[in-house]
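Chain naming follows the written order as A, B and C, and within any one chain the residues start at number 1.
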Amino acid sequence: MLHEFQVDPRLQEAPLKILIKGGRLIDPANGVDGPHDLLVDKGKIKQVSRPGQIAEPQLEGAKIIDATGLIVSPGFLDMHVHFREPGHEYKETIATGCLSAVAGGFTGVAVMPNTNPVNDNRSVTELILAQSKANGGTHVYPIPAISRGLKGEQLTDMAELAEAGAIGFSDDGRPVTSNELMRRALEYSRMFDLPVIQHSEVLDLTAGGCMNEGPISTELGLKGMPTEAEDIMVYRDIALLPKTGGRLHVAHISSAGAVDLVRQAKAKGLSVTCEVAPHHFILTDESVRGFDTNTKMSPPLRANRDVEAVKEGMKDGTIDIIATDHAPHAELDKQVEYSCAAFGIVGLETALPLSMEMVAEKIITLPSMIDMLTARPAKLFKLDKGNLAEGKDADITIFDPSAEYKIDITRFKSKSKNSPFDGRQVKGKIRYTIVKGKILFSEN
Amino acid sequence: MSQPALTAQDIQRALIRIAHEILERNKGADNLALVGIRTRGVPLAQRLIEQIKIIEGVEVPLGLLDITLYRDDVATGKQNPVLKKTDIPFAITEKTIVLVDDVLFTGRTIRAAIDELMDFGRPAGVQLAVLIDRGHRELPIRADFVGKNLPTSRDMRVQVQLAENDDTDQVILEKRVIDKGLNKRKED
Amino acid sequence: MPFPHKDLLGIGQLSKDDILTILDATESFKEISTRPIKKVPTLRGRTIVNLFFEPSTRTRTSFEIAGKRLSADVINVTGSTSSVTKGESLLDTAYNLEAMNPDILVVRHSASGVPHMLAQKINCSVINAGDGAHEHPTQALLDLATIREHKENFDGLKVAIVGDITHSRVARSNILAMKTLGMTVTVVGPPTLIPVGMESLGVRVSHNLEEAIADADVIMMLRIQEERHNQTSFPSLREYSILFGLTAEKLKKAKEDVIILHPGPVNRGVEISPDVIESGHCLILNQVNNGVAVRMTLMYLLLGGADENPN
């Protein structure tokens, strides 16, 4: 290996016997919401019981976590992250990305293929899986490319990739522009029943753009990226669904038009799902004033009416899951002219408190927030996760819903600190992240 | 309100005397010009010009000088004083210039005024007329014509009020109010 | 004179009082350029760095003359001679210049927001000499100084700004300043050169030159920068000129005392015809003259007030 890995010593330890007691267990997959104790043994959920009901002999040698006042949830799943390995390890590695994930309560993440080399073949997919097994800690699920080299010309060897562990396909970072290729991708992927994940953007409408097009881009003199660029692509992809019969997953939905299109398509019974990134329901393009390059991402921060539409989509179920689009960039990629700065922000370690703002605003309930971070992504991507039934893997996130603090980017475990949320007063803090019975993150 | 150090009548008498002295020293008003230093040197110069006209029947030209840009304390962290226009509507070269100001204190304003004047040409000579000389010089400068020598302590404040600016003619002496935010500097 | 700013990044940061303070002082600074010795010692020993990432002869020269008339040492660093072409990042360049302790950094850059970024990172005062399509505050201030020489009051004046609004930082800064001073602004051009949401800046949008200039007190013609356009912005310069070029014929529809401004350099015969330039309504040279005085004013105000009134 050319670079050193940060190896978490806790990964070497055997799984613990753990009793989590006194907490409120919210397990949407099993319709559970209430006070329960949880016994973990040998990396599995051994027993779920009413408080105090787990028999004394069972508890011998167990580490006890007092979860009084805390929420006990299945481990969070983030189906959209960029870990930059291989190729851009100065921004993030699988090891640091996994540290960031568990710090944010995520026990499983899906990594996008825009690495160098691109994850468009079995060997890169296997490298990612091997690295995560050795140095990761959290579960890492590869999402290989739809097209070779992300060039949008020729399909990748999807069958081989599916066998190697792909959970979906995406050219994320770039859209699949070719109508023909997108049609073929939706058709071909049907054989494996895996979703095709689209970064929805019509490139000739956004060329040179660096923020949402609207009054603010006009005022700031920055080239805009109109919402139509997203709407048109979502419309086209949906139009391809009835005959191809594929599964379309719209990544990081951000425009009112796109939310509406997905809503209509779902009403028609088409196989389309979508995700939203926290920054798209928290911030508007107003944040770009001041030219902080940490407000630059793709899709860009949208206008207020789009943010309202996204929230409405979360409320009525049009939007299926929350995914962060964790996109680490080093200072040298961000400390430049706004128009030259890299797109994207880190998201793993701010996802919980930002999502909790939607709960506080009564857009979604706490159980449905957890559902969007656990059971629903597991279902969409056919993972046997996001479920705390007895016998399942002990992937558990424990958080304090009422802890208040200020986001501090210097405390991020991610290698990159590119977040516009530094200093934001928030509520909701991860206390424990347990992966297969190992406590990989704890903070009290 | 303290007793005025000079009343309106005192000021009037002093200006008449200075006008006579200027004419005496320069043997008439030929080749003479008065330049008032903003703000209160300007009305004093105007009044002197009127007196000279009464005595000599000649109207000598008037120039206005704003010395702000020639101060030695611009951009030292103090707030900028209000800048007004400098207006010298005649060629000063080979003229005898009488600079007019209200109070002579450290001499720094006069230093700045002479510097600025020199940027307009090469006068035959420069003289200085002030209404009050309060002492405490920091530079080797003295006045040629003085209305009244007024011994003061450094922390006193000499306030010249003229009808043109302040509705009344008088000079008052008061304890200086130390106000760090607003630098009252029109005193030297 | 309270001028509570460390930097001049845009008109957006200025209050009405700030703008009037600058314009009042500008009238005094204009006098200096009429003296036999056009120099005052105010900023003796001070260093001003003109950091220009975009070619510009007139703006750079104007800042240079302004600094020199205040006795400052003025150094020009241009895109072609600086380290920028050697792969040094913008911030490296700025840090290196700052290590030489300048008092003012005058910045021109083709990317919006660069002066803001530099102002956050370095300690000296920053003056925005034009950033991308964002702001060009000294240009707007010199335009206002020119308008003030010819019109009684700002309040209620009607202005038509004609041309490529999308790419114009001059238009943006002027709109902000003019709205602050109570003027009515109409932007005029084909819809493809008027950006989305223009009305939210409080201006009227028109696509008809004759109609828009009929009741204008001030017409501001913008330069058409051919190099900035892809082929979709307008079909041809010829058609643009027919629709939006200001000619003596069209000017007949305007008020007798209308004044015409242009930030220069002029494309004669494209946005403005030679007979209009010669007409006496056109104040391009007054603008240039006021440019020096406005920039002297800002250098004086920023350095005078900086220590006690950090932004």
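One rule holds for everything that comes next: contacts are C-beta pairs under 8 Å (C-beta built on N, C-alpha and C of every residue); 3 or more make two chains touch, one makes a residue touch a chain.
Everything numeric in this text was worked out from a predicted model, so none of it was measured.
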Mean of the CA atoms for each chain, then the mean for all of them together: which chain is nearest?
C
If you average the CA coordinates per chain, which chain's centre is most distant from that of subunit A?
B
In whole angstrom, what separates the CA-based centres of subunit B and subunit C?
40
Expressed in whole Å, how far the mean CA point of subunit A lies from that of subunit B is 76
Could you tell me the distance, in whole angstrom, between the mean C-alpha positions of subunit A and subunit C?
45
Spell out the part of subunit C that touches subunit A in their complex, as residue ranges.
89-91, 109, 111-114, 116-117, 131-135, 169, 172, 195-198, 200-201
As the complex stands, subunit A meets subunit C at residues 213-224, 226, 290-291, 332, 335-340
Interfacial residue positions of subunit B with respect to subunit C in the complex
66, 69-71, 74-87, 115-116, 119-121
Could you please specify the touching residues of subunit C with respect to subunit B in the complex?
1-3, 24-25, 27-29, 31-32, 35-37, 39-43, 46, 70, 300-301, 303-309
